[in-house]
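Chain lettering (A, B and C) follows the sequence in which the chains are written, and residue indices restart at 1 in each chain.
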Amino acid sequence: MKDSLSLLARIPAHPDSRCWFLAWDPSGTLLASCGGDRSVRIWGKEGDSWVCKSVLGEGHQRTIRKVAWSPCGSYLASASFDATTCIWKKSQDEFECVTTLEGHENEVKSVSWAPSGSLLATGSRDKSVWVWEVDEEDEYECVSVLNAHTQDVKHVVWHPNQELLASASYDDTVKLYREEEDDWVCCATLEGHESTVWSLAFDQSGERLASCSDDKTVRIWHQYKPGNEQGVVCSGADPSWKCICTLSGFHTRTIYDVAWCRLTGALATACGDDAIRIFEEEPLSNPQQPTFALTAHMPRAHSQDVNCVAWNPKELGLLASCSDDGEMAFWKYQRPEVC
Amino acid sequence: MPGRKNCSDSHTFTTCTGILVVTTTMSWVKAAVSRPSEDVFDEDADELHLVQKEWKSTMEKRVKEGYRDGVEAGKELSLQQGFNRGYKQGAELMMTCGQLKGILSALLSWCHLNGQISALLSKINNLLAEVGKYEKCVLKYMNSVSAQPHLGELLDSVQDMDLSHTVPVENEFDATETGRLCENESELSENSCRSNGGADSLQSDSWRRTKEHTHSERPTLAWLKEETACLGEQLGLSLDILQHVQQLES
Amino acid sequence: MAAAASASDMFDAIVMAEERFHGEGYQEGYAEGSHVGVIEGSRYGALHGAKIGSEIGYYLGFALTWQRLLHRSAEEKPSKKKIKALESLIGMIQKYPFEDPIYDKLHEDLEKIRGKFKQVCSLLNIQSDFRINPERSALTF
């Protein structure tokens, strides 16, 4: 099983610091990393090796917790503990900070771009989720401040093809939001995790959402639209989200990140026990009650907590990970012959 | 333990206070029950006295326990009721201070954004500080009178607080005279604007005025409104919304 | 047997006496407790209500004033978004029964109003370092 995940490269991405998060650009050729050294680094492949193409060092005063590419690949957003979010514009290999979004009271923990590219969401320790609208002149205007969570917001992510936003929080819940009459409203609360929800990932179709938590489990939620065949009750026109699978007993510490490969459907996790694990849905399992099998387990993937896992959007089986040890690693995942 | 020997042959009972209490209790019960005939005990009167004292203190303890239980039960039922009542009063009273602060803060932020002269900014800041003082006064008052059973009384007190400090306030609280209030307000504003036109700082000037009228150092709602309206005028803004900033909402 | 019976009688007597005394104390305590409860509750309630009243008042005063400031500034066309957000905030406050402690969405709605206020500040370009925090005032408990 170990052979199903093999190391391709290991790079000291943010030496003497933590590497917090990674994001592949939509073309899959560039990888952005961010860390405790207050910098964003852009990595590209030259020949067989990964090299640093740019360092975005001037934007933030404190740790950069997350980065996100716009769907067009021309912009990069960075969320920082300095309470701001910077928007960087790419021209050739150069990045220029075009806007700094202010408004959060303290640490911004997450940022995500909607599939249309015209909306951006940020989540903060101040418990709020902000939705920003971008116009053609790169002007950002706040369209909503959502105070639905009762504790800090750890992660925000958009649905892959709808204007539906999800957030994960220290209050152990996941919340979903949609637009309603010029404002945004919380339309669902997913309860089940017994501790902080650290990260979220939609699958390729957007019908499923994976959440990972400090309770050492991953939960898979399924969207049921009103009038669904399974008879899951929905309130009004809003779809209902139901937990259809809980992956427990696999992880020994907090799970910090979960990534759903849009190409293969493989689910990767980043764990506080320094390991990376990959799960796949068993081929014959009932889609309403699926079972997932552990198909890869790399126990000492990093020397410290693994903070993030990111599947390359174009290259099958290419996975990047990063850790508190400041390093970034590239892995090749091959589905085992027999699950 | 004087009674101990009397209950050496008695049964033990369990009560909530425990066996030891019961065994000692038995002594004074025997004493109490048999007191009329007084032929059961031929011990000395001292012991009887002690036993009676013990009975008394135990019953006092029961009364106290009952009292404590009663207080708890009574409190539990009335706390929420009191909370609801106090909440309504507090919310309505403080809405006024909040509105004034909001108006002034809006003016302050507007001045900041439009690069207004610092003299105006410090005026607004001073006035905000005065509203803060007023708020503290109301809060203190609210605390001291929250024991009173009716909203009316509380509002009366706050009203008194104002009325005692300034002359033209009578109209303010008269809900039927909002029209006149309006006139009154603008007139006042003009006056105060004129008087503020000099080099005097807002604070010293206004404090002098307040003192002239009222012999008090406490800011009043009427005065605060008047000064705010005046500020608005200096910015070319008619703050008609001040009309709605009232202490009494009937 | 007789000794046991008499002990039992005596016990009944104790229990009755204890109950009676307890009951007397209870009644008196209940009256006092009710009184104290109203006062204590009222004090807590007043502080709590004062906090929310002040905050809501602040937002209303702020929004109404900015609404007038924007309408007045003819030099530049006020952005529709700003006007709309202000109107929305004012509408939310006017619909909000802030003085009703038993309104079941008291907290939920307050959070929504706070969010709208933050959005308004953001749209008006009022930075957080300047913003006067209505929660930070004489009413910090």
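Assume contacts are C-beta pairs under 8 Å (C-beta built on N, C-alpha and C of every residue); 3 or more make two chains touch, one makes a residue touch a chain.
The structure presented is a predicted model; accordingly, all values stated were derived computationally and were not measured.
The interface carrying the most C-beta pairs in contact is the one between chains B-C. Think of the whole protein's Cα atoms as having one middle point; the chain whose own Cα middle lies nearest to it is C. Note: centroid distance chain A to chain B, computed from Cα atoms, is 50 Å. Chain C has its Cα centroid 38 Å from the Cα centroid of chain A.
Each chain gets one centre point, the mean of its Cα atoms, and the points for chain B and chain C are 14 Å apart.
Shown for chain B are the residues that touch two or more other chains, of which there are none.
Within the complex formed with chain A, the residues of chain C that make contact are 81, 84, 88, 111-112, 114-116, 118-119, 121-123, 127-128. Remark: chain B residues 9-11, 13, 15, 25-26, 29-30, 32-33, 59-60, 62-110, 112-113, 128, 132, 135-136, 139, 142-143, 146-147, 149, 236-241, 245 touch chain C in the complex.
Per the touch definition, chain A reaches chain C in the complex via residues 83, 102-105, 128, 130, 141-148, 182-183.
Chain C makes touch with chain B in their complex at residues 3-4, 7, 10-11, 13-15, 17-18, 21-66, 68-69, 72, 98-102, 124-126, 130-132, 134, 137-139.
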